[in-house]
Structure formats: structure tokens, C-alpha cells
Amino acid sequence: MIRFNCDYSEGAHPVILEKLAQTNLEQTPGYGQDPYCRQAAELIKTLCQTPEADVHFLCGGTQTNLTVIAAMLRPYQCVISPDSGHINVHEAGAIEATGHRILAVPEENGKITAQQIARVCQAHWQDDNPEFAPQPKLVYLSFPTEYGTLYSKKELSDIRRVCDEHNLYLFMDGARLGYGLTAEGNDLTLPEIAACCDIFYIGGTKLGALLGEAVVIVNPKLQKDFRYFMKQKGAILAKGRLLGIQFVGLLENGLYFKLAEHANKMAAMIRHACEEAGWKMWYDSPTNQQFPVVPDDALKELEQEYAFAHFKRLDRNHTAIRICTSWATREEDVRQLIADIKRVSAK
Amino acid sequence: MIRFNCDYSEGAHPVILEKLAQTNLEQTPGYGQDPYCRQAAELIKTLCQTPEADVHFLCGGTQTNLTVIAAMLRPYQCVISPDSGHINVHEAGAIEATGHRILAVPEENGKITAQQIARVCQAHWQDDNPEFAPQPKLVYLSFPTEYGTLYSKKELSDIRRVCDEHNLYLFMDGARLGYGLTAEGNDLTLPEIAACCDIFYIGGTKLGALLGEAVVIVNPKLQKDFRYFMKQKGAILAKGRLLGIQFVGLLENGLYFKLAEHANKMAAMIRHACEEAGWKMWYDSPTNQQFPVVPDDALKELEQEYAFAHFKRLDRNHTAIRICTSWATREEDVRQLIADIKRVSAK
Amino acid sequence: MIRFNCDYSEGAHPVILEKLAQTNLEQTPGYGQDPYCRQAAELIKTLCQTPEADVHFLCGGTQTNLTVIAAMLRPYQCVISPDSGHINVHEAGAIEATGHRILAVPEENGKITAQQIARVCQAHWQDDNPEFAPQPKLVYLSFPTEYGTLYSKKELSDIRRVCDEHNLYLFMDGARLGYGLTAEGNDLTLPEIAACCDIFYIGGTKLGALLGEAVVIVNPKLQKDFRYFMKQKGAILAKGRLLGIQFVGLLENGLYFKLAEHANKMAAMIRHACEEAGWKMWYDSPTNQQFPVVPDDALKELEQEYAFAHFKRLDRNHTAIRICTSWATREEDVRQLIADIKRVSAK
Amino acid sequence: MIRFNCDYSEGAHPVILEKLAQTNLEQTPGYGQDPYCRQAAELIKTLCQTPEADVHFLCGGTQTNLTVIAAMLRPYQCVISPDSGHINVHEAGAIEATGHRILAVPEENGKITAQQIARVCQAHWQDDNPEFAPQPKLVYLSFPTEYGTLYSKKELSDIRRVCDEHNLYLFMDGARLGYGLTAEGNDLTLPEIAACCDIFYIGGTKLGALLGEAVVIVNPKLQKDFRYFMKQKGAILAKGRLLGIQFVGLLENGLYFKLAEHANKMAAMIRHACEEAGWKMWYDSPTNQQFPVVPDDALKELEQEYAFAHFKRLDRNHTAIRICTSWATREEDVRQLIADIKRVSAK
């Protein structure tokens, strides 16, 4: 069984394991106050061209999302999110458990628009008693989105402008950031993203690390006391170096981006094979997640040997599935899958 | 500089790193549903003699404490803890952030007694309006305590009895469980602890792992839906195998207990040297944490070469410090420290 | 200016003020433990034919909703509500502030169906990882709905059945319960409602009282420790008798239902006038809230003398407004309004 | 049975009931946006000499405390309170339910000192990892205290100074404020209190109103968005005028202070009788709460006819009780009690 169902089926990239082994017996201070966390933070600030940013390392996406959002909002404020947003769909109510409503806005291709955000704010502030509804204060986006799609530079700038007009913060979930930055057709750079966001993160878990998300707090107003929030949510690792060392490994020689490129390339090959087979793509994703619409007969046969994620039952005979590649995806496995797609679709 | 200030200054025991490397490219399901987590859970249930228990793997102590306590209580209930308890002193209000009061009871030697717990409950229920105060429902203990001391079998059984009488759950923080189980003078076994507690955990972070705490839910009533709580608190790792593999490594050949014994032995050597030097021990700990009262002159000199944790300023000339050993403490470093203690105390 | 914008523009029905004056200097225990609260509770249990129910008195709708919902759910559970539900639209995120998601379902005529509820539950439990989303556990309905409409006996029974099938609680917001029970075409009785719900309340604030909502806990499993929840949310009045006395006044001679009938009658007269004027009703409400679609010219003229609530801007020339009547609405004011509707619509 | 067990055994002062009756049929906007709330707010701002303050009306003490404290703190901050503080003893964990720890400091005579507060802050900020404990940000005091005692002008100024030094807010619970302001020996005026506090409230429930607490937000930084907090906690009454009208009644002719004086005078008479009887006073209170130490025989006899609150069992034969007077206490009842105290103590 070869797994294409997600991008966290393996351990870490070997370079990271080596780095952990090399540094294993060094003694360092705990709680992220070690030289490796500092070095990783410096690397990130340089890459983002944000010398004044604060950088913190957390363990996973849900933990990061709930800690960041709780830190950005007063108790009566809410977060605007695409209805397909990870916080709205896959986090067990973690945001509400911190006391905040998610104001879900209908996505298109996994994205929401500046105009939709503006309308939400106008509706709130035009009410006779705005205080009878949670106050919009924060926009949550993912790049790439849950469906592998990307905001363009224009779309993101428009959203930033609306945020400024309506006094909103902008928070980007970058659990798969690298896949987006290296995708074909992407027109955003890391410094441009950093300049647009109040806060965002660079995801490690889904891109080569054992675990780890690097939160970049660009807006100085949000930097104060962030470690209190982290500690209170159980998000400061005793052996914080575990995260710092991994991000050094990923970032010091551009490994992070090379791994992302590889995964995107593998995904594009699979996409091409699906299209050749006449299978429609449910979303038009240039990144490591692909959503082909597969006839059930073909799917059943493929699933003898491959694991996919079932995304959506479309009709009596078709299912949209999610195929993920990652740093660990082997080209030989992809070629075998392609051959099998060709075979089962030819029947 | 040699660090004795805590037991998480290094990475993981080499056996664990090897195991991570060996399994690195295997593909497994995510979220703790992999074969390694299952194997580790089986090992733990066997060691605890609790075939019906549920076992879950979380990342660190604060995360575990807040997730478990939030899962055990209704919103109006509170947790009884020694005032020195980790949840009361070192967790940034993480428990209150889940909505619950910590009812802190004065510790002696880091411990509280069955009688103290009973008195708290009697006071609550004898009030004319018990509903005007949070309802005691849970006792939180650490084994070993924050001060390295241990509950005896008699003390723990008495507490269990009081819990039964007052309808309380018992939750043991075992962040350093191994050090306690292998300590000289300890009369409790792991199965006895499991039989006494409704829930407890076996700490990995402070005993050889990169990170990881294994929660054992003994009471069937508390098993239901625990993964919802974990997910909501950001406590389910995508690559959950990272935790499972480590606990397999620690437990399959008794490594966990050997490492604890080593640390305890190193601590005893240091303790002996302190006593020889005429330094009083602030607590009588048989485990890996020692609290000698050190004259400031001597301390200043030692701190040229060693890192300790300052525990308490006692008078104008004396400080109680905390010295920690761990699986990674080298006997040669201990011997050097002992020689230096002898030297500075001889002046 | 005559106010038709809501049903809480005046104080209390005179009978209630008299009763408060008569009993004013009696000394009673505080916190709802007085004879009047007991008497009111007995009246309610008799009217509902629920001798085993618990009855508690709270101050207002939002307070009641947040206290009840927090009491019914575990932290990871969520409440299903029509998207137009009061908790979803007018309560400033009060439910989320207790940690719970509102799972909003699209309403039709202010109502949701048994089938919609079933689908939500099926979707949750069929997911591979149900624990990655909040668990549906409670259905929140209003009777009458926010739009003045009513569930039929058949609709409510179907919902109850689906609740039983999916292990859900049913909670009815009865802030305007009396208006519904006395409405033309209603086929539900108070005992039938009580038999269908796990918990519901009889609203006083919007039906003749200064303030006050009487919560009826029918399901014995939900009765335990409810006063802890009330106290923790600041929902136990020191002078609880203020609530008990009012409900005695409202219920001992059927005043509550007479007042509701009066308001419904006044509303029907206004509705008739609107229809005569050729104005469409946006919702088909048999209760004290009416939603005529009014041409802007006419509206502007009427608003010289009357206050309405603007419900929805429909097109360039029309607005749906909300007209409320209450126990305090005077027939002469209604007749004057009707004359003016005739006048402005005749132009 | 004559009740001296609390100061909320009766309804409201007759002037208030009259005012409610007179205004009953007037139509006003809801939610505290009526002319009476505005008038009451103006009266209060004038009395406090705080023309720039915001004034809001809430229902009761616990509701007010939890709403105000939640509004003043970020999630990781805590509130310093005397261990005898109402929020720490009588509110069912309401503060913790909003996510915040109460940092309880040992009281003396119900009070804490500037020095104690300073020490708490110093301890926090001197820690190596302050972020591992909740951050002190707010001091909660009651005037009078739970034991009827008063802070002097000097004591309160010292506390204010320490608050400024450590960047703390000061919040005064004035549930019984009038009793303190009119007490013999009190050297603080209402404007002085207003000048010292960031926020405080003037209690109505325990001083003549049916219910109601008037929150005065002096610090402009805390004024923003307070109504969101109120709404979210269910603390905005639909018929908000009920509160406004009562405070107009209490404050427009100084009634509030006359009622307080009366109660204090009644309490002083009882105190004198107790002292004559040779009964020690457990606290030295100049306000409407008295805490005599009563021999059990005498107590048993008195309790045939009077209700008191049992405060503390002192030894085998003595109990400290709490005797409360109020606006409604009749001098004839006090004289009868005094005679009975004389009688039972003479045996």
C-alpha cells in the first residue's frame, strides 16, 4: 500500500534527523531559549525581510491557530474565515473553545474575496446595535488553501486594503506555505506575504519536519506577551530546540523550498495523468494537493494499492478524491500510480 | 558550563533517535492511529496491568494537564492541588483558562494528605449554599512531587479512599514517574498506582524522550470522547507516530526504568557530597531532584562552571538550589561536581 | 411617537406591580429560595404536567440561553440552531464565549426540519475522524421563532424523534412562548411541548414581566447542579423573589395567556390592514410579530408617528419591517395605526 | 421570625416602587438606551465628579464582577484579591470561568495592603520566566469589605500608587458602597474613590433597589466596547429602564445615603448591645454588618426569633455570627433584639 492520502505519512527529511543526532548531547536552555531557536528565528527574519518581527516555534497547526487567534482577539471579537477554512472544519471547535466565533464566509476555490470581507464588516457596523453580534476583527486565510489553490498578489493586496479600512488583522495559516511559494503561477514572495500579514506561519509538519510551525509576528502590537499565550495553551516545548534545530535544517540551505518543489512536481505529474485519463480536476490546484474526480470502478481498483483521501461523493458513480504528495514522495511510486491510472481508465 | 538546572537540557536517548531513523520512511496513518502508538499503548497496559485502559500520547506536561483536567470536570467543578503543584505554579493559568479554579492546599514536602482533601470537601458540602463555590471533583498530585518527594503506598491509598468517600477523581501527574518508581524507599509499583488513579501519565519529556507524555485513562467513565478533547486543545500530533515510536523505545526493554535509576544514582551521589559538605537538604528527596542549601560564596564559585536552578533565597547568606540529574548526566561530570563541592566547602 | 418596534417598551403589567408592592416588606430568604419562587415553580409544573421537573428563574433571554446551553454540553459538543436563531444573531457570541460552536442550519420561515438535523448528525458520525469536528449534542429552537412562526405538533415530534435517534438534547427558547401557545392555528399545548423538550423556558420579559424567564428542566439527567451553573454565570438574583412573585402574578389566574391573546389579536388587526393595503407579509406569522413589506414612501410617512424595527432592505423601494404588539398595546393606538396605513397606502 | 441574616430580605424602598409604577406605561427604547438610564448616569457622573466617565447598569454583584474583570484582562492576566474577596469565596468560580486566575492574598480585617500587592508583582516580574505564571494586572477590592471594614484614604492612595508603579488596574466592588461612604470614621468621599479607581460600582441590590449595580468606568481606555462584554455575558436587560429608574430614585434626592445612614445607625445600636453583653466583635466594622462572638446558649435562644448568618465556629462554645441591617430594618425590631440580647446574656 502506497499512501497518497496526506503529506505527513513519513517521519522527517533525513537532513533533519541527522541534525538532531549531531546536536543530541549538547546542553541547551529549555523552552525555546536555545541557540538553535535563535538561529532559526534569524534565518526566518532574513528570508521574510522582517528584521523587527518576532518568531516563535509551536508544534502543530491546530495548536498554532488557536494560540494565535486567542492572542489577537478580545473576548467579544470574531474571526472571519472561508467556510472551508481549517479552523472551521478540522479543529474540533478549538477556536470556539477559546471563546470566539468563526464567522464563516462562503469560499470559492477555497478562497474568499476582499469584497466579501468588506460586506461582513459593513453589515456589522451598520446594525443599530453592533454590540449584539461578535465584532469582526481578524481575517484568517490559508496559503495554499485547503484545496491547494493560491491567492494572487492582487487578491491578497486587496484583502490587506480592506483589513486596513475596517481595522482588521490578517492572519495567514501557512501550514503548507512552501508548496504555495514554489508553485507554478504563484506571484507572491515570502517578503510580500510578510508585508501583507500581521501574523503568519511557516509550516514544518507538512513539509519535512517531524513537527513544528514557525509563527512570524510582523505587527509589533501583537508581539507583546505572546509567550504567555503559548505557555497557557501548552504550546511551549520543554525541549524547544527540537523545533529550532529542524527549522535551521529546513531553511539554512533552502531545503524547505526544494522539498516543496519536488512535491509540486510529483503532483503535477499525477494531475497530468488524471487529465489524460479524462478525469476532471475538482479544483485547479498548482500545489501538492490534487482533487481528481474518479469513476468509482477505477477508484476501487486503485485503492487496492494506494491510499487516497475521499473528499466528496459527487454522484452515484463518481468521487472527488484528494491526492497528496510530499517531500517523501518517490518518483518511482508516482510513475507506478500514473501507469495504473492509465490502465484503469482505459478499461 | 555543565547544566544541572533541569532534566531536559539534552535531546533524546540515542536508542530513541535510532528508532526514529530506522522507521523514518515507513508510511503510517496520522494522528496517533499508527502501529507504533498501538504497540506502545499495549506495552503500557501490560506494564500497568490495566488491560481495559485507554492510552493516549500528548506532547508535554502543561498540554497534558490542561487537556486531562478539562476533560474530567464539568464547568463549575474545581481541582484540588498542592499549592506547590505544577498546575498552580508553572503553567501560566492554563487550568483557569479552561474555566476551572485550582483549589490550592498547603503542601508539606510537596505533598498533601487525605485529611486535607477530606476537610476541603466537608467545608464545601456543609455550606448552606454549596453552589456558591466551585465544587471539588478532582485531586491532582505529582509523583514524584515538584520537590522530588514521594507519596507512600499508605498515603496514596488513604487519598484514594477519601476520593471515593467524596466522589472525587484522582489524577496523577507523572511527568517524572520513572524517577519515583525506581527511587530508594519507594513502596509503590506501577500497577498499584494505576489501580489507585482514575487517570495518570507516564512522562517521557523529562525521562529520555524528545517529547511525549503517555496518558493512561483507567476509569472507563473518563475514556469516552477523549480524542475530541485532545483535538480541541491542539494535542493530536499529525505525525503521532513520533510519540508512539519513542515510548516503544523507552518501554520495550525497560530502558525507561534503567535511565531513571541512573539519574537517581547520580543525584544520590551529589546529595551525599552536599551532606558531607555540611549543607542541609531543603527537601528529603530520593529522586533526581536535590535541593541543597548552599552558602552564597560557595554557590558563586560553583556557578562559574555549573548551571543550577535557584529555588529559594533563605537568608542573607544562603540559597536553596535545585540540582537535577537525568538519563544524560555523565558520571564524570558528577564526580567533578562532587570534587568542586568538597573544594568550595572546605574554604 | 407610538412604539411598535418591540414587545418590551413598557414596564410590567399592573397586576405584577401591585403584587410587588403588596409583598414588598415581607422578609424572605434570598437567591430564589423564597416561598414565591416555590409557588411559581409549582404553578408551572402543574401547567406543564411535569411534576418531576425542576424550575429555575433567570433574568433575560441571553443569560438563560448561555446558562442552559453551557449546562447541557461537554466542552467539545456543539448546538444545532437555525441560522436565524437568537443565539446565532443577537447574542454577541455569548454561546461561543462559553466555548461552544453554534452549528447554524439554514432556516425556512425561521424553522429547521428534523431531516436537516439528521443530516448534520449523519455527516458528523460518518466522517473518518468525527473527533476533528465539534460533536452535535443539542438542538436549539424558538417557539415562536424569531419570525413569529410556529412549529406544528408534527414538526416538533419529528424533531424529537431525530433527537432520540442521534442522542441529542432538545432545548426550546420560549422567550415568547405565550404568544405561540395562544396563536390561531397552533396545535401544540404546553404539556406537549414539555413532553417533547429536555429543557425549555417560559418567557416573562417579553410578555408582561419587568424581567424574568422560567426555565423548566424536564430531563432529570440535566437537573443536577444547575444552580452551580446559574451562580457561575451571575444568574442567581439576590432578591430572587422578584422573579417568583412576577411569575405567580402571570400564571395564577391565566393572565399570561390572556395578555398573549390580546397581543396576537392586535397583531392580526395590523396584519389585516397591511394586507388590505396590498402589502405582502414577508413571513406568515400568527403571533405578535408581523413583517409587512412596506413601500418606502409609506414607511417614511408612518415613521413620523410610529417606531418600527427595520428588518430587511428588499429592493430600491421596499423594506420589510417588524411590527410588534404586546400586552401593553392599546387598541386605540392600533386603530390609529390602521387608519394611517389605509391613508398612506391610498395615495 | 425577624431576619438579620442579610441586607436583601425585602423588596425595594417604596420610593422606587412608586417610581416604577408612575413610569410604567411610558414607552422607551430598550437595552439601557432610555432617558432614565441617561438621567441616572448623569446623576452619578455629577456625584462622582467624573464628567468623562461611562456608566452602565447591571443586575447583580456576581454578574458585574465577572463582566468587568473579563473586560479588563487579557486571557493570561490575573486579578489580585483579598482571600476573603467575594469573587474568591461566593461566586462559584465565575471569574475562573471567564479564564482568569484569582491571585488570593491573605486579608487582615478583610483588607489587603499596598505592600502585599507590590510583593506579588515583584515576585512575578523577578522570576526567570514570568510567562510561566499568570500576569498580575488588576486589583480587586471591596468597599466596605466582606467584613464591613473600610479602607482609609491613606490605604487606598497607597494602593493606587502601587497600581501605578506596577501597571495594574484598580477595580472596587461597591456592592455596599453607600454603607461605607456614610460610616462613622470613613474619610473617603465618592469623588476621591472615583479618582482612585479605574472602574468601580455603586451597588443598588443591597441598598434599596430591587436589583441593580451602576458600573462607573473612569479610565477611558476601559470604556471602549464595554457593551459588547455586557451583551456577551447576558448582562444587558431588555427593559434596562428598570435599572435606570431605580438609580434615579435612589440618587436624585440623596435617598441612597440616607438609607445607608439608617442601616449603619441600626447596626451601631446592635453592636453597642453586644458589647454591653460582653460579646467581643470579631471584626471592627462601622457599617451595616456586625460580627459578634456569641455564646452558643445565647445564640440558640436568640435564633428562636431572629435569623442570623453563621460566620465561623470559633470554639466548642462560641460562634461568630453576622448581623446585617438595611434600609428596611425597623428600629422597633432592633430595640426588641437589643432587649433580647440583654436578656439572654444576663442568664
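As written, the chain order gives the labels A, B, C and D, with residue 1 at the start of each chain.
Simple rule for what comes next: a contact is a pair of C-beta atoms (placed from the backbone, for glycine too) under 8 Å apart; a residue touches a chain by one contact, two chains touch by 3 or more.
Note that the structure is predicted; figures quoted are calculated from it, not measured.
Colleague: Where among A-B, B-D or B-C does the A-D interface show up again, with more than half of the contact pairs the same?
Modeller: Having compared contact pairs by residue number, the answer is B-C.
Colleague: Check A-C against C-D and say which one is joined by more contacting C-beta pairs.
Modeller: By the number of C-beta pairs in contact, the winner is C-D.
Colleague: Just give me the whole-number Å value for how far the CA centre of chain C lies from that of chain D.
Modeller: 34
Colleague: For chain B versus chain C, what separation do you get between their C-alpha means, in angstrom?
Modeller: Going by mean C-alpha positions, chain B sits 51 Å from chain C.
Colleague: Distance-wise, how many Å sit between the C-alpha centres of chain A and chain C, to the nearest whole number?
Modeller: Here the centre of chain C sits 42 Å away from the centre of chain A.
Colleague: Could you list which residues of chain B touch at least two other chains?
Modeller: Touching at least two other chains: 75-76, 91-93, 97-99, 131-132, 134, 228, 231-232.
Colleague: Where on chain D is chain A touching in the complex?
Modeller: It is residues 31, 70-71, 74-76, 98-99, 129, 131-132, 135, 225, 227-232 of chain D that touch chain A.
Colleague: Going by the contact rule set out above, which residues of chain A touch chain C in the complex?
Modeller: Touch list, chain A to chain C: 75-76, 78, 89-93, 96-102, 131-134.
Colleague: Please give the residue numbers of chain D that touch chain C in the complex, ascending.
Modeller: Residue list for chain D touching chain C: 1-3, 6, 8-12, 14, 17, 20-21, 23-30, 59-67, 91-94, 97, 205-206, 210-211, 228, 231-239, 241-242, 328.
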